[in-house]
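There are two complexes below, and they share chain A, which is joined by chain B in the first and by chain C in the second.
Right, the complex of A and B next:
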């Protein structure tokens, strides 16, 4: 049976998904990237291989997405390397065919995607601020010594959420500390934080956008029941969290790989053996001009697989001879 | 003290006039260059923007200035030891109606306070609110800093005028300033460019953000590479700008901001574009208004997709790549190309 692998390597998590010809999810994995994208991908590949062993599934196409999509694409031999927005939109409209709004909050990115009749008509991403994204919630959970998994349930226990400034994560944190020193309870503070983050998201990322139902909420933060409830309260709409909310980018990448392979009839997939290879990433500063670009070298067994990071493109073209 | 062209020429040496390659450079370089050359000076332009220039600029400039202003300081620093005179005119109004961003008005002062060891600066004030011949009076004043020969100055003004006329024509033919400069050097004006990209985008923003590949992280080239043909505010004929300006009950206070908003109105009414990308520098005050106006216009006129890209000191172009790729994908899927 044919299977398609999608890999989404983000700042916080690395997700791998295998789908079949009909787009059903056969394997899904959610791992932490922990700052080592190559290692995370290799670990993930090892897991996927184990899960698939004994079945007759053959990987016929691979797609990558996420902020490390180019790197991952080179390592695994991807048939398609796509941006997160396209990948998320493809996955959402596959699982909820009539979806009109996708809210996605990940580790460092948050985005909104508007679809009409299955086609993306508008999108926006957070600009320079990471307030309201997963890494901020992670940080706050660690500071309060609460497991991030309990964050949402705690928020739901609140009876009267306090007001927290959500405009900036630094201000939000000082506000939370202030409220906690005043004697407010954990659930009220956390619930207030959820409201603040949603408010910030809607005013910043969702500014001026027509948010219509059905609304799909995905990305790692969708696991947080508190944020989900805050969205429903702020929008006055039902918010759907799909079953595979945390790996939607990877599902989208797998689906894009499926259509890419259909066109060219072959895959560039390098096989599961890549999880045992020694990949080395090194970087140097090019002294060719005053731009001093940071060039990244990806090598396997002393052979240069790819190079990037330069503005002029001279290192990229040296990849074969280099 | 005035540096006299005559004296220098007798020594077989030319006065070197330095022009920084940013801000009004993309609007006026084809006017200033032949002007100074006809006066008998040598024009020295700072290098194409790069990391070292920006780093230098960031060091010299007040902290909360926008990237283009910081970069301008870098360009000045790169020029200061290589020229006899720096040309940093005080551009107050160049359309006779509104002023430029306040930072243009204070530019010579800002530079003088921030960078030490500067050569002589020509900082003559250009304010076309004073009448239609003010540009020539301004050029005359500038010319007198270089030479005493009045006839020579008048001749230089005529030469500059012709070059500027050709430049405007090239822009209207759909060439970007970067494409137009070499054509101007060669003295050829090809027929209007035919747009044959799969999709057509209006890329709106200030010339110093759009046409400086370092600042824009190669945005125009990236779009071209994805099969997009691009139109910019510089390619809109003056009478169309005027027509577009009537659509708004009130105009903005700043020259370049008005051009961006009018260009968006023009291209939207024209219905020839598939989408708009607005390029804005982080922390740009006027753009707080400009951006919103462009966005509202795009929404009104049949919901044309509109995206804004914020540029700053970052050198990583991953953020821009993701947005541009997704935006182009969106438009291609909408058109059924993908």
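Right, the complex of A and C next:
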């Protein structure tokens, strides 16, 4: 049976899924990137291989997305390398066919995607500020010594949320500390934080957008029941969290791989053996001009697979020299 | 005077000619790099915008290289850039560089002041007639540079060799730099246009057409906007930039123009909000009416005029059916974020076009 692999390597998590010809999810995996995208991808590939062993599924196409999509694409041999906005939209409209609004909050970025009749008509993504994304929630959970998984449910126990400044995570943190020192309870503070983050999201990326139902909420932060509830309260709409909310980017990448392979009839997939290869990422500072670009080399067995990071392009053109 | 000036796109070729033609020793401003940005960020107020910081870094590099005078443009209205020349001067003085700052305000708004400052540049070294001669050549250079760049934007999405096209373009810049009369500038420009046209093209392509609008400095200086025109051109898009220095200088210096663009803005924004805010609105309307696929707005983080414009964009998008992507630019030098947003925006525009062609 044919399977398609989608890999989404983000700032915080690395997700892999395998879908079948009908787009059903056969394998799904959520790992932490921990600052080592190559290792995370290799670990993930090992897991996927194990899960598939004994089945007759053959990987016929691979797609990558997320902020490390180019790097990952080189390592696994991707048939398509696609930005995460398109990937998320593809997955959402596959799982909720009439979706009109996608709210997505990941580790470092948040986006809103508007679809009409299955086509993306508008989107926005945070640009210079990552306030209110997953890594900030992670940080707050760690500071309060609460497991991130319980963070959201705690918010639901609140009887009177306090007001937290949500425009900047530094302001939010000091506001939380002030309120905590005044004696407010955890649930009230966390619930206030959820309200603040949702307010900031809707005012920042959601500004001026027509948020119409059905609304799908996905990305790692969709696990947080407090944020979900705050969205429903602020929008006055039901918010759908799809079953595979945390790996939607990977599902989108797999679906894009499926259509890419249908067109060209072959895959560039390098096989599961890549999880055992020695990939080396090294970098150096180019001294060619005062830009001092940080050039990254990806090598396997002394062969340069790819190179990037320069402004002028002179290093990129040396691709595949080995 | 050992004089230097802000670096913005390719204009340095014409401006340095003008200043050295007037008998000044020109300290060539370095093209902005990460080092420039770091210097600017270190000495600028934290809340100032990106153009302020890059310019301050450029000035610091120029005074380090020996400049004792800096010439820059001023401005009126609510945008704080009008005050930047003065603030730059004070920061440089505090840092121990007693540099002279010549801020040229728009001549129609402050004719006496403009005359006095231009006199400072012209009179000590040369005559007004020589100034007129040099100014004409400098102006021709500026116009030719703009023409070459506009042509480059047209050819990029069609060319079969980005490398040859870039080489032909850069050779053209060199020709314009070397020319010493109005006629030779024209010849150099014409030759470059021919040379660029000789690079093989694929005329069957139907590139997406995108208008670039926003704040002047981040629109014109590739370092500030991550080479967005080049990225988009190489992704196969035809770029139309709303601001060219000669349009801008022409409109603001000689006649109080830009009237059409502002008139188009009036149904949405009927007054000046500083900087290029009202222009951004008018230009978006114009791009929509001229069948462009999309508009990209470039704005320095915290830029009030562009924030005002951005908040009006959803209404124009809805009325005119033109998608708009706003990019706020700041200190970040990582390019991945910009590329992600551009890729997604192009996906959106392609799908929209396919849908239109199908119906």
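The criterion applied here is as follows: the second predicted complex is superposed on the first by the 321 of 322 C-alpha atoms of A that agree within 3 Å, B and C clash if a C-alpha of one lies under 4 Å from a C-alpha of the other, contacts with A are read in each partner's own complex, and residues count from 1 in each chain.
Everything below uses one rule, namely that a residue touches a chain if its C-beta (ideal position, glycine included) is under 8 Å from a C-beta of that chain, and two chains touch if they have at least 3 such contacts.
What you are looking at is a predicted structure, and each value in this text was computed from that prediction instead of being measured.
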Superposed partners chain B and chain C on chain A - clash or fit: clash
Which superposed partner A:34 touches (first chain B, second chain C, both, neither): neither
Chain B versus chain C as contact partner of A:290, first or second or both or neither: both
Shared chain A contacts, counted only where both chain B and chain C touch the same residue: 67, 82-86, 119-125, 127-128, 208, 289-292, 311
Chain B - residues contacting chain A, complex: 47, 50-53, 214, 218, 282, 295, 299, 303, 305-307, 310, 312, 315, 318-319, 321-323, 325-327, 329-330, 333-334
Residues of chain C defined as touching chain A within the complex: 30, 33-36, 227, 301, 311, 313-315, 317, 323, 326-330, 332, 336-337, 339-341, 343-345, 347-348, 351-352, 355
Chain A residues within the chain C interface of the complex: 67, 82-86, 119-125, 127-128, 207-209, 289-292, 311
Contact footprint of chain B on chain A as seen in their complex: 67, 82-86, 119-125, 127-128, 208, 289-293, 311
